[in-house]
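In what follows, chain A forms one complex with chain B and a second complex with chain C.
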Partner chain A sequence: MKKVTAKVFRYDPSTDDTHRYETYEVPYEKGMRVLGVLMYIQENVDTSLAFRYSCRRKRCGSCGVLVNGKPGLACMEEAKGEMVIEPLPNLPIVRDLVVETTEYEERIQSISPYLIRKNQPEREPEILLPDDFVAVRPLNQCIECFSCMSACPVNGLKWEGFSGPTTLIQLARRMLDPRDDMDRIPDARQAGLEHCVTCYACVNACPVEIGILEGVIENIKKKCIEEEASVYGRYNKAWGDLIIKNGLINPFTLIRKVSTFEKLLGNVLIGIKFFLKGKISLKSKRIPNIDEIRTIRKVIEEEK
Partner chain B sequence: MCVGKMGGMMTGIVNRETDVLVIGGGLAGMRAAIEARDQGAAVLLILKGKLGKMNAGICSYHYAAVGPWGNPDDMNDLYLRDVIDAGGYLADQELCKIMIEEAKEGIFEFERYGLMWDRKNDGSMDPYLGAGHSRPRTMSTWMRQGGLDMIHAYRSEMRRRKIPIIEDVMATRLLVKDGKVVGVIALDILSGTLISIQAKSVIIATGSHHQVFPVATPPPEGTGDGVAMAYRAGAELTNMEFVLFVCTLGFPSTFRGILVPTLFKIGDETMHLLNNKGERIMQRYDPEHLEMATKDVIARSIQTEIREGRGDGEEGDTLYVDLRHLPYEAARQKLAEVVFFANKAGIDIKKELVPIRPAAHETLGGIRINKQCESSLPGLYAAGSAIGAIYGNDGIPGRGVGHAVVFGRRAGQFAAQGAQKSDRVSIEDVKDQLDEEKTRVFRPMERRSDIRPIAVMRNLQHVLGKYFGWAKNEKDLTAGLKEILRIREEQFPQISLSSRTKRFNLEWIKALEVENLIDTAEIMFEAALQRKETRTMYVRDDYPDQDDKNWLKHLVVKKQSGRMTFEAVPVKLLYVRPGEGHKL
Partner chain C sequence: MKYAYYPGCSPQSTTHELDVVTRKIAKALGIELVDLNGPACCGSVEMRVNDPDLFYTINARTLAMAERQSLDILTICNTCQLALTQANQSLKKNGELLDKINQTLSKLHVKYSGGVEVKHLLWILLTDVGPEKIKNKIKFPLTGLKVAPFYGCHILRPKEALGFDDPDAPNSLEDIIRICGGTPVDFPGKIKCCGFHNFPYDPMLAITLTGKYLEEASIAGANCMVTPCPLCFTMLDGYQREINQKLSSPVNLPVFHLPQLLGLAMGMRKDELMLKRNMVSPEALLRKIGHA
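Then we have the complex of A and B:
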């Protein structure tokens, strides 16, 4: 009989000093998934194995694990050859493959993840055009399985300045909903989306194929730039305007345009450091063929 | 929504207090919590898993309600007839009427909560004609993922109101004082400690008990925890003999839960139902309609094939759906989910057959309620699938969600009002019950034997699979009941655990679930033995006729002085009488 081998992460924080891996051989069935392997082990080999699952059809998002280092849903990942099965990273472990996701729940909670309207519609059901919901519809499919959170290298730094892809999906769901009236730009700024490194790890990890980069992060960035409210948006705008106007970036003008006086004072030390290292120079050169760039911008704006 | 931290230890038991306690985090539970909160009550919701992740609602597709979206000639009365007719006239007509009248508001409410129902290009709502409905009034959302969107909408509202929840706890026993339910004891699965929650009103929204069956379509957490707990505390249950079966559950063994639709046509072609010899079985049973025959004819045909040994698989109950002759692209669009999961299971529908098995879809029995969602025990309310089905012995698609929404809201409303009129007991008042429950819950942990909960659960499911099928008879039911009692007396008291860790010990949870399943299974067998008739999808081979003279009745069961007692309560035919319902 054909078999697959699973090396499974085992850890009980109440009794064990450290984690260990146990290897199980499981008879293979056609089309078998990682969840099938875990269930076989739990029913026939080691009944003490702990993991979460529920719907078995990628609707509940309960069974997220790492398979050979990559995050995914156990009910969807194919069982094959030799596998290493581990809990999702960067979270406290309850036991074996079960992690505590309260921290992620708190982050989602922080962006007011619900529809906020100033006025209720005058008559119900209201007219809602499907075309207005094209951008938001795929985001409603997010099952909060945290595969993207687990794949994201910036989230892995456990740095407070970045709230992670799942939080951003939930934020974008509301920002892109034409019914929502709340100004969510401050939340977007808080979420630190400028720290996304555009590596596509979240996109590849998403079991429901949400295009997190284009559909979420780029869309929020676009909103921010449109609103010119966030530092990020103002920075881009100011940067572009300076190039077009002068053909060079004057760092002092740039900082003045994107920052407040208080912030400027706070950044004086960094400024001096930059200056001494040659990152800020008073002798910037003008771009030679600036007219070409001006033409490109004109064409782009006309097309818009 | 905020995830609770425990506080206040007493003899190893954590103590919590609230006005309204909701047990269960599906559609009904969340809706109840939202309503009770909006009524101004202090609410706590506890559930066995993570919020928005463990419930049957997430796998549902649609919501049916009469409203301005439907045909101008549609009205509540027609929907009522559809529902009552499908349920073999055993519906509680008063409750059905409430459900149908209030279902419309739920549709609006979901959109206020951020969901968007299917729209036509002009922006108006786009309902479709659901099976069993006489008018198009069934609504879903983009990509037919209805249930997912509904669950997420309610979860958003839980988050908006920051309603306190405790996840990963299993309620094990109702606290009762002077005949009134005053709270619950629950086991915290993460840490293995008991929690005592004193509440003024308790709402059970723990769903159905389909895990008594070896193959079931809904998720695995449906182990009848709330229903069994209510029964043990003395509450009345009803309709326990009824189960909604489906016979075409796709069963590539690695993918449970995908139903293969039978009633569809691509051009003039239907799917073909084959047995293990490759014969198209409906040619034998209904040559005129073939696969487009009515649901009960198809069910009976499949059951006959299985009985006569023409099924495959370990249990001999696997037949096949043949989609090979259908134009692939059209089949892929029509049956997107089936094709997706068949592919994942390594089945190419162009060349191979899709194996199917009969399965339990929903257990219809549960707690008996009145219009205010009150059970027969003061202080105890029920909502959702934990309610003994109000529409009789079968339900049409799309009413389940309406039921969860309407009775969820009502339970929340009346539980909050009830809480204003009552006082909370202190933990000292229920100390005896706490001590007793602590002993019961920890017993499998302390016992030494080699009988494991999972083995007992599989034995129990095997009995139901064998003796509690779609068509029943006295001999099978008596034999099955005997087996259940044997499991209760010989195996259950011996259960012990392979690991004694208290942290997230699923085996321990399973040991507690097994007891709930044994209780519900025993009641199901006893009730089915009582109902000596055949009525639509409830079939007794030894009593093949519908018996309106003796059995136009709800079978009500409760535990009285330690014994199971039945009472047959006549159905009140307030609005629709047998034969008056709509026939398609």
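Then we have the complex of A and C:
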């Protein structure tokens, strides 16, 4: 009979000093998922194995675990070969694969995750067109499984001021909803989206395939830029300005334009080191046909 | 084998050595690089947010330059690869967008029809050039080099746009390291983010992230690192001294650009590979493995 091997993280903080891994061989059935492996172990080998699940069909978001280091849903991840199954990282462990998610839930609560309407609709029933919900609709698929939180390298550092991708999805759901009247810019600032490193790890981990970077974080950034509320607004503008000026980015000029005086001062030694190696130049390189870029800019402006 | 060459901004400034060495290894491997006439910055993820019209138009202008010569584009930077790929895919899929952008480009008498592919040097080495051809050029197998491969983000993710390597378990850099005679060293951070794009306004975040990966690679037994991205290179090599001030056990990991590693194995001299421009000197390590 074909088998799969599961090396499972075991830890009971009430009795164990530290965690351990137990290895189980489980009979394989066609189409078997990681959740099926865990259920087999609990029913046939060790009833004390703790893990969470509910719907078994990618709707509830309860069964998030790490499989071979990658976050995902136990009910959807294919069981195969040798697997290492661990709890989601960066959270307190209740027992074995069960983690305490209160911290993440509180972060979501902090951004008022519900529609706030100050003004009544112009008429009842309110007419809502599908096109108005293009940006919001995919975000409604979020099942708060926290796979993205587990994959995010900045969240992994517990970086101060960054509330993580799940919180930003829940913020964007309201911010981009045409019915919401609340000024969400302060929440966006509070959520620290400028700490997102644009690495797409959240996108790669999302089991319901939400384009978190482009569909969430960049959409919130656009709103913030419109409101001129943010450091990245200044950064992005400087980026565009330099391209119009030279066609290329001189990193030295970019940093000079967007850094605060304190940060510039902190970078003086590094700057000298780079300068001595010929890595930065005070004079920016310019493409020979910069007029073409400026013409493009002019045409785009005129069309607007 | 002929490509339109897109060096991007960093190899025209901070990592000038990458541009020079890419040209040398390309020539040695029979890749003809055709310079385009003033391609602009790809706009990175920044311009896509702030000014999507400009993002699509300047990238369509670059793509059209390559199309005019019936060439695909070769990139040497992860972020350029992603930005050009995403712009290209959007223009190919969305006829309305392509028409609108071509309307703007018509003022320059330029038109893009969607006939170009954008490929990173790493992918071209393993496909169009092929492992056998590279193996035949190896004159100095890098035995003794334990190389940590650092992929960076924008050559792996999003998978739907890029799709060359498995973003969770890539192996193309490992393949190159083996072809060069080195030993690849696995470490968790190899597929993670160096934080470069946040550096201008959150330098400590980028330094902390990069430090974590350098530490992991060192603990895993690496004696050097290789990356296909000049932005990752700048963080890993350029800021290693600052990173060490934050680490409990400082690391000393020379970092190579992908073409520098290849060039070493192909027997090129250290001065040809401009290794003096690397902040962390690989001199002692190369002496140890007997590279003159």
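For the reader, a short list of remarks on this structure follows.
What we mean here is this: the second predicted complex is superposed on the first by the 231 of 304 C-alpha atoms of A that agree within 3 Å, B and C clash if a C-alpha of one lies under 4 Å from a C-alpha of the other, contacts with A are read in each partner's own complex, and residues count from 1 in each chain.
The criterion applied here is as follows: a contact is a pair of C-beta atoms (placed from the backbone, for glycine too) under 8 Å apart; a residue touches a chain by one contact, two chains touch by 3 or more.
Only a predicted model underlies this, so the values are computations on that prediction, with no experimental measurement involved.
Judged by the touch definition given at the top, the superposed model places A:48 against chain B, while chain C stays out of reach.
Applying the stated contact rule after C-alpha superposition, one finds that A:69 touches chain C and leaves chain B untouched. When both complexes are overlaid on chain A, the residue A:279 reaches chain C alone and has no touch with chain B. Using the contact criterion defined above for the overlaid structures, shared-chain residue A:225 touches chain C, although it does not reach chain B. Using the contact criterion defined above for the overlaid structures, shared-chain residue A:237 touches chain C, although it does not reach chain B. When the shared chain is aligned, no partner comes close enough to touch A:183: not chain B, not chain C. Touching chain B in their complex are the following residues of chain A: 12-15, 29-33, 36, 42-43, 46-48, 50, 52-57, 59-62, 76, 78, 94-96, 98, 100-102, 105, 108-109, 112-115, 120, 124-131, 133, 137, 140-141, 143-144, 174, 177, 179.
Here chain B touches chain A in the complex through residues 1-3, 49-50, 52-54, 58-59, 67-69, 107-108, 111-114, 116-117, 119-125, 141-143, 145, 147-149, 152, 156-157, 159-160, 162, 190, 219-221, 252-258, 341, 344-347, 452, 454, 497-499, 501-507, going by the rule given at the top.
Looking at the complex, you find that chain C touches chain A at residues 9-10, 12-16, 37-41, 43-51, 53-54, 57-58, 61, 104-105, 107-108, 153-154, 157-159, 167-168, 188, 192-193, 195, 197-203, 205-206, 208-209, 212, 238-239, 241-242, 277, 279. Those residues of chain A lying in contact with chain C across their complex are 68-70, 153-154, 157, 159, 194-201, 203-204, 211, 213-214, 218, 221-222, 225, 231-233, 235-237, 239-240, 242-243, 247-252, 254-255, 258-259, 263, 266-267, 270, 273-274, 277-281, 285, 287-290, 292-293, 295-297, 299-300, 303.
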